[in-house]
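What follows is a set of structures to go through.
In the two complexes that follow, subunit A is the common piece, with subunit B as its partner first and subunit C second.
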Partner chain A sequence: MRHRLDLRIGPVSYRIGSAWPEPLAELRRLYRNYPAAEAVCDFTVRLEPERPWRRYLRPSVAIRGDYTLPDAAPLPLTLGLLAAEMGMNLQMALGQKRYLLLHAGSVERDGRALILTGHSGAGKSTLAALLGERGWRFMGDEFALLDPATGLLHAFPRAISLKNAALALFDGADPARLGPVLRGTPKGTIRHLQPPAEAIARMDQPARPALILFPRFGRDLDPATRPVGAAEVFVRLTQASTNYVALGARGFDSLTSLVTTVPARAIDYRSSEEAVALVESAWAELR
Partner chain B sequence: MAGPRYIADPQALARNVALDGLTAIFHAPSGLTHLLAPPAPQILAALAGRPGSAEEVLARIAESFELEAANPADAIAARLAELEAVGLVAKT
Partner chain C sequence: MNGARLLAGVLAEPARAREVTDWTAFLCLARAESLLGSLAFRLADQPLPPKVAAILADAQADAGYARTQALWEAEMACRALAGVAPAVLLKGTAYAAAGLDASAGRSIGDLDILVSRTALPQVERALLAAGWEWVKENAYDDHYYRTWMHELPPLIHRERDRMIDVHHTILPLTARRTPDAAALLADSIALPGGLRVLAPEDMVLHAVAHLFADGDLAGGLRNLWDIDRLLRQFAGQDGFWERLGARGRLHQLLPHARRALRLAARLYATPVDRRLAGRGDPADLLYERRLLARDGWGRAGRSLERFGFYLRSHLLRMPPRMLAAHLWKKARR
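What follows is the complex of A and B.
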């Protein structure tokens, strides 16, 4: 590849190659404070022209790498940063074998981790990012890595992917932490936010899971917190994991251990302020 | 007329965890996870490496499990058909 960037996010090292310099320049800026990649990378991502002439003519970025989706549509070069992020997520979702991968946000306080999971659009990513600005250590907004050997949760604090209405919540963030505004993506308008400095500095510190939350956003919902039974948590987390089946008995053991030892709550909220307050009170009740 | 006889893998319940009255099991031969409601786990235990008909299963689990059904043997036969469909028991 003409251009190359190696980077490490939590325990995962990537080698990213690109036919164009722009996507890597933006990645380099977003990930400038991250530690150096390991010598042997876990995953490779390649951003290539869909056809050779598409390097120059209406440049079109195809996401390739160790693992690919055959029907993934290429993106215009203006969305090259998004293509790189999608490629990195795809490698994790399809290739991660060491950790049980939960599609969840996570934050930590006092060495204990809070897992935020739920359907796409439930607000877990935004909520994890908000908590990261308010006294919690941000561990990740997309994937939480559960180690089957220890039961500890490992951080994967990639750049936070703010979507649509969530962009306005971070208008006051240091501009040096914000990426370009990406309009017209398959998920609407997206802007990346570099995690807080503490999240990056402490990315190698795992935490013991202490609470699982299923946030649900709705303007017409009454704010509420309800307990969720272990069987329901188990089923929802198997659905939220991209590699539960691939891990076999290790996945079963680590997930059943998680759901039988860690309490879970569903929270309904109408605004981000309400969500933060509900999280804080659910956390306070653990003591 | 005696109904079909079934058998379960001796290790069918080797990995099982109770969750809110349900039982999660990891079925190693298929790699599949099942979430079972009573009396399915009791049926699997009664047939683990030991063939039996619905009536025999009923006799084996009756000591430790009370089935609330109008016709318990029919209820067991229906559960056996379901367990066969998901590959947890097989006809002998």
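What follows is the complex of A and C.
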């Protein structure tokens, strides 16, 4: 491939090849403070023209790599950064076999991890990012990696993907941490935010899971915190994992041990301030 | 050195792993050829950089899971067809069920079984009753499979989400060559537990048919690796090469088998019977180039050549006029 960038996020190294320089230039800027990739990369991502002539003519980026979705629609070159992010996520979703992959945000305090999971749009990504700005160590907004061998949670602090209304919450962030505003994506308007320096510096430090939260956002909800039983947590986490089945007995054992040792709460909130307050009080009740 | 050629060399001779300089490209290529799991098993005792060892350990675990899942699927099909018709496992699932070396680390996709053509209606009914459903509902596709192909349209299990291909022979009905499907079934071997697999020679010949006659040689490096493993395991049996030649004639696959032996010897240093393999011809080089076309980014490479083999594979499946009509129909939808 003409252009190449190697990146490391937590325990995962990527080799990203591109037919165009632009997506990699944006990626390089967003990931400039990250440690160097390992000499051997776990996954390869390819950003290439869907057909040879689409390199120049209405350039469109097909997302391919070690794992490819056969019917994935290509993106225009202006969304090349998003294509790279989707390609990297896809490799994790389909190819990660070392860690149990939870579709969840996570943050850490005092060596203990808080897992935020739930449906798309529930606010887990935004909440993890917000907590990362308020005294917590940000571990990731998309994937949390549970090590079946140790039960520890590993960080995967990729650039945070802010969507739609969440963009405004980070208007005050250092402009050097923000990526370009990407309009008209399949998920609306997206802007990437580089995680805080501490999150990047400490990305190799795992943490013991201490609390699982299922946040739910709604303007007409009453703020509330409810306990969630282990069986329900188990089922919801199998749904939030792309590789639970593929890990076989290892997946079952690590998930069982997680849900039987770590308490879980559902929290309903109407605003980010309310959410942060609910998280803090749920965390304070742990001791 | 060509990455795919080095991959073949390392599979054949694991100590050559020390020649690998770009492991990212090497592992990417192996994965794209569905050979990462096989490679992991071959390199289990070699000194490797820790990250490479970790990636290959994941691939081994993954292969173990694929094996369990494939054998369970075979068991499910076997139960559904008990008392309906004898079914013979084919390809990856068969290698795993029979505990053959070819199954070490091999990826296994769909479940492939062979049944007698006369039993197809009962088999179809039994599978539908046991929870399998048609994948495609298109009338032309259905007609295409039923009139011309060697298998039913693919079925998928509605709960387990796994595909089954029900074959009644190993080459399309429209192909110029006609294997003896009745002989394949009659000489199949029962495994303890009720599953059946093809006799060794037929197993090799099916792998040969799969490599050349069916498909555009995509994934050919893996299919040829199957052939290498099977030949090495069976070559010690008394009279194996003679029987392979005789069965090759019976199934009208002898020229294909001879070329496969030559290619396996060239790429994987497979010890083959030189007389049966015969003298190489210039086309061998073309096949070799095609099998080694993939690059270190996992790209299939050389699109014109691939199109040539794609056309060729279809020409082997059906006569030119029929092919033209078929490609026309496919292009229009």
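Here is the rule we use: the second predicted complex is superposed on the first by the 287 of 287 C-alpha atoms of A that agree within 3 Å, B and C clash if a C-alpha of one lies under 4 Å from a C-alpha of the other, contacts with A are read in each partner's own complex, and residues count from 1 in each chain.
The criterion applied here is as follows: a residue touches a chain if its C-beta (ideal position, glycine included) is under 8 Å from a C-beta of that chain, and two chains touch if they have at least 3 such contacts.
Keep in mind that what you see is a predicted model, and the values were worked out from it rather than measured.
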- When the two structures are laid over each other on subunit A, do subunit B and subunit C clash or fit? fit
- Expressed to the nearest 10°, the angle that the Cα centres of subunit B and subunit C make at the Cα centre of subunit A is 60
- Which holds for A:40: it touches subunit B only (first), subunit C only (second), both, or neither? second
- Task: Give one of first, second, both or neither to describe whether A:248 is in contact with subunit B, with subunit C, with both, or with none.
- Result: both
- Partner chain in contact with A:235 - subunit B first, subunit C second, else both or neither: first
- Look at the superposition and give the distance in whole angstrom between the closest pair of CA atoms, one from subunit B and one from subunit C. 6
- Query: Which subunit A residues lie in the overlap of the subunit B contact set and the subunit C contact set?
  - Reply: 248
- Which residues, counting only subunit C, touch subunit A once they are in their complex? 23-24, 27-28, 31-32, 49, 51-52, 54-55, 58-59, 61-62, 64-65, 68, 297-299
- Task: Going by the contact rule at the top, pick out the subunit A residues touching subunit B in the complex.
- Result: 229-232, 234-235, 238, 244-245, 248-249, 252-253, 256, 259-260
- Note on the structure: Residue set of subunit A touching subunit C in the complex reads 1, 13, 15, 17, 38-42, 44, 46, 65-66, 97-98, 246-248, 250
- Message: Can you tell me which positions in subunit B touch subunit A when the two form their complex?
- Response: 15, 17, 19-22, 24, 26, 28, 31, 33, 35
